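In what comes next, chain A is part of two complexes: it sits with chain B in the first one and with chain C in the second one.
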Partner chain A sequence: MAQDLMILRQQDLVSNPTTRLPVCLCLDVSGSMHGEPIEELKKGVGYFFEAIKSDEIARYSVELSIVVFQSSVTTILDFANIDRQRIPSLTASGLTSMGAGVEQALNILEKRKTEYSSKGVDYYQPWMVLMTDGYSTDDTSNAIKMVARLGSNKKLTLFPVAIGDNADISILKQFSTMNQNAVLKVKSAQYFKDFFEWLSQSVAIVSQSVPGEKISAPNPREFNLEIEL
Partner chain B sequence: MFKWKIASAYAIGQGHIKNNTPCQDRTFKLIKKSSKGTFYGLALADGAGSCKYSDIGAEFITKKILYFFNSKFSYILNKKNPSVYIRQYIEKELLNLSIKKNINFKDLSSTLLVVAIKGNKVIIGHIGDGVIGVLDKNSHLKTLSKPMNGEYSNSTFFTTSTYYENRLKIIKGSIKESVGFILMSDGTEESLYNKQMESLVDANKTIINWLNTKSEKIVENALIQNLEQVLTKQTYDDCSIGVIRIVE
Partner chain C sequence: MEFEELVKNDYKIFVDTSSLMQKDSEYIFFKVIAPLLYKYQKKLIIPKSVLNEISKHNYNKHKDIEKANHVLDEMAKFELWGTNSKFDEQFADNAITSQFHSLRLKYNLCLITNDNSYKKDGNLSQDILDLKKSRSSEGIKDIRVFYIKDEKLFEFYDKNKHFKKGNTKFKKNIFKFKLPQNIHYQNDKQLNPNDIPIEGSLVIDNMGKSHKLLKQIGRTGGEGSVYLTNTNYICKIYKKEKVTLFRKEKIVKLIQNNIKITNVCLPEFIVYNKQKEFVGYLMAKAEGHEIKTSIFIPPLFKQKFSHWNRLHLAKVAFNILKKVEQLHSHNIILGDINPSNILIKNENNIFFIDTDSFQIEEYPCSVGMVAYTRKERHGKRYDEYLRNKNDDIFAVSVLIFQLMLPGKLPYSFSGGGSEKENMNPKNFPYKCYDGDGYNNAPDGQWVYIWSHLPKKLKLLFCRIFKKNEKISLQELIKEVKNYIYQLEKGFQSTDIFPLTHKQIDDKGNVLKDDFHELNCVVCGSNFAIPNKQVEKLKVKGWNLPTKCDICKKIPNPDLKKCNQCGKNFKDKINNLCKNCRGRDITCIGCYTTFRFTDGEKNFYDKKGLTYPKKCKKCRNDKSTPTPTYSNTSNSILGSLWGWLK
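Right after this comes the complex of A and B.
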């Protein structure tokens, strides 16, 4: 303390951890994503990393995890500060275990929230992004129930994203926590970057929000995204 | 009877500067002498993020609540559970303001932290986030009222959250060992309150004790300087602080 000046110094203050925004990308890497789609998805995820890193607030707030589903489900990136993470490699093959993928994503989000609470770290409502270009090959009913329960209690924001025209919109709508159960649609793999640009701007807005603030994400249509109602 | 000094200040945060929106934190202090003793009151409110007129709501309610506590001090002190009575007063006054100004009731939302003292009695009131601390004569600093947040960082309860009836916490008692109180909004919390330990850092003692040796005006200037030069640099949010201390 600078006594005479009555000015507090940095060492007089507490350094509370930055409020975290956990974001889980739950990605379809089944066989149908092979080729250009998986390559563009990799680029999109890479762009998302860089966009978050370049935002002075989101950089310390957003914590990212990635769950991929094919015949099996794998958490290829666990939650951590984005500065300490490396962009994982994505390989497409196999079936589309979407139900199991979403359940695993929900479990790791719940685990992360428990870790935040035990360490006195404040956090925002978690986000999940579910991206697929096809139809689930496993049972999604339990995952849909879990998401619906969390969504109605305002404990999760889930953005379902259809890749191209062959994704199962009806199932994605059941996962949606957006208004009118909307589904975002990326027209083709070339538009992944636009989607991740929208996502990075949206999480940056949340990471600056204060109590009572209505969160208004940018209009997806301005990012070449379609909205399926 | 004890004599108290009061100082408070608020400052706009980086977020509101960037968005060209007004500071939504407010503080107010009231000292009223009467034949029954002097009333000392300090109130602080943090207007709700995107509520259009929450700065007006915060300014209005910090004043109203202190005049109310002054006029009803004994009644509140002796009433078994005064929370409902006070909450209804807050809601009624905000509703009247919303009608008078033709603005939405919810747009006047804010948190509210109050310390009211008369004689050797104190009444503390708290809605929402922010922290109230107390310093005793042995120089022990204690968190008297913790932030009441929802699960998420950007959620809390406000003066207008009528769905949550238990949102107003009231603490009543005798002064006894206490020599000072400190009130802060969630922006200030970031620098002066350890969230994990739920404890106030020692700098709070220093701030409260400034009032023991310096005038209210000097302390108020120091609070403004600290908010503007130090505390608002640690957060995106507006910051406010209020201190009240016995004059020894």
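Right after this comes the complex of A and C.
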């Protein structure tokens, strides 16, 4: 299986010359997300995938992966052609290993970039969306350092997203590569869809822009999101 | 022709001051012209310059001015005349001639004037009729001139008809914009219109005609929205903050010179909102698929142009180049040439859209894309410099390259990075007949496609991309035309994605289908090797390859990377490959340490040789004497000696 997937990944890269935008969703699925939040998150992610698929350019340009963290970290969806991806189910339990989660996400993004490069496919610098509803239970200092280094070289765009009021805004701020280290806040689980709508529109804009050019993403406030500065 | 016919057939009827001030003007306008206008729901056009002239006469109390005032006042009550606001600001003098000059391609025109005397220097009637004869633009519509005499309307006929024939005065004369050196620098003033029309709104064009915005097309872009109108035009309405003096002036410049190029959707009319404020423009409708979302993405290409072959692509390339050539002949610089600005209906019908970004004289094209911008321009803002024809030629060359290698940018290479980083002549990865081979060419069929292109076209690409030279549009057009010829005659393969390199026989002809198709054992896809190579392999008694190019490169999971040399090797225990593993031995000749690797050991074992005692250098240098050892004289070397045996 692993070998088959490898072949497909290579073929996608070789036959489609479109400039790629790798996006990794790094999601908190710890115990506190149990119940409504995890269900809404699932719906939101599903909506996001559909939105990308329905955009003619984004569909062939945006590539998605999902890393989830709880007591341990798992890459539940690795990069591939979106038509072949099935969204795995999410279950909430355990602790919040945010630091390890981000490191894992950075790893798979870096790996994908190397693949683009070796096949001679152009790419946009990757995006990461880090969503959490609580406080990290592991050491995040290394992950923050890695993100800061990439962010300052414009090699990564990281959107930290706080779910509800109990998320650790101060840590999320340190991860942010947005202006003024802004953190987006989804007020409650029922607004996940709005967030993912904002994300899919932003992604679609980038996939049609010029790599390296400054882009104007839609205003998050129009999507029921709060911005914590 | 009867005057009524003109009114009925929607001739644009202009009136000048002299006819309004004629002694019979009231009779003619009220009894003859007004009823016809009313009957056919038409209007006269009184240019602003005429109104200005009348107000001047009023000021000077000219004796016949009351007639003109009377005519205009009465007819205004029934809305039987309007001004043509089109060139309000541009033409104070000479308004009628200039307006006729630019409108003659679009409309049948008529002028009522009594300025037809040959005694005077200027003769407006004759000047207007002469406009019909200029050979510069084919497709001039009809132009008629009438004058008022003795309570009747007479047509003025061309007095110069006969002796003007064959006169070289009317040379083929393509309108050319200026090509200034310096950019238009001025703080761009926002015009802040009170109202931005939306779906369902009415807008008014500069001819006074109203259009209804029926339906928005596509998403709202960065500058504004595009609508289909009930008059079958496309209307672009700018966002409020994008309605600026710069945009207005640039569009007016484009419109007033009345340049028509088939399928290039240039602005044709300015549109105003209800408050008569500039908000956008009208252009002809375009049809087809964007190149970006049809040809450049393989699955969409198959879906939208399933039956296409290389001939279609070459024709699209040719038609794009011809349009750029036409625009350049007017000194219009396109600026932002990219695959989203060109629509393809079929290979012979391609449309250029987003033309309001074109660079006109000192008004720059303020947008662009890195991949279509010459390297020396990188780092500059697009609205801060004026581009030239070479910038366009580079951009269109990239686009033609991408048509030939569908979607692939010329500078994408294996080991590259972002589009911008890649754009360096030294990174052009394809073979250029200059001694360099393929230099990190991207994986996949791209090198096969490249090898199938005609040599002269490839050399042209090499000149512009690898040598960073300037090439002319005509050279490019010539080579693409030759390619079309070769494809039509069957001299080149018409496959868009050929499976092998180009095969040529002894006489230099291209061999088609001269390959052996195989199925990859790993992924099952089709691949091929040339028959020539099949024969070679058979002669040597070797097997045919079983894996396609892509699968060949996928690392075998049993293999691992040697920590030292980085090569892949098969071993479960060691982290070093057999060429890096081994023992260090001190040379008995020079006492330096050399490595005797496991790989070498295997070789020696296989050949039944004794293991070396000297380093490679000493072994090659026969003059070094071999010292004799005794077990006692050198215990360390001695023990080593023993071990080696």
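As a working rule, the second predicted complex is superposed on the first by the 210 of 229 C-alpha atoms of A that agree within 3 Å, B and C clash if a C-alpha of one lies under 4 Å from a C-alpha of the other, contacts with A are read in each partner's own complex, and residues count from 1 in each chain.
The working rule: a contact is a pair of C-beta atoms (placed from the backbone, for glycine too) under 8 Å apart; a residue touches a chain by one contact, two chains touch by 3 or more.
Keep in mind that this is a model prediction, so the values were computed, not measured.
With both structures placed on the common chain, the touch criterion links A:E56 to chain C but leaves chain B unconnected. In the superposed model, A:M6 makes contact with both chain B and chain C.
By the touch criterion defined above, A:Q125 lies against chain B and chain C together after alignment on the C-alpha atoms of chain A. In the superposition on chain A, contact of A:T19 is made with both chain B and chain C. Touching of chain A by both chain B and chain C, each in its own complex, is seen for residues 6-7, 10, 13-14, 16-17, 19, 57, 119-125, 208, 210-213. On the side of chain A, the complex with chain B involves touching residues 1, 6-8, 10, 12-14, 16-17, 19, 57, 119-125, 155, 206, 208-215. Contact residues on chain C toward chain A in their complex (touch as defined above): 222, 292-293, 296-300, 340, 368-371, 405-409, 412-420, 422, 429, 440-446, 522-523, 525, 550-551, 553-554, 557. By the touch criterion stated above, chain A contacts chain C in their complex at residues 2-3, 6-7, 10-11, 13-19, 56-57, 60, 117-125, 208, 210-213, 216.
Contact residues of chain B toward chain A in the complex are 15, 46-51, 54, 109, 111, 128-129, 149, 151-156, 158, 186, 189-198, 201-203, 206-207, 210, 214, 218-219, 222, 225-226, 229-231, 234, 236-237.
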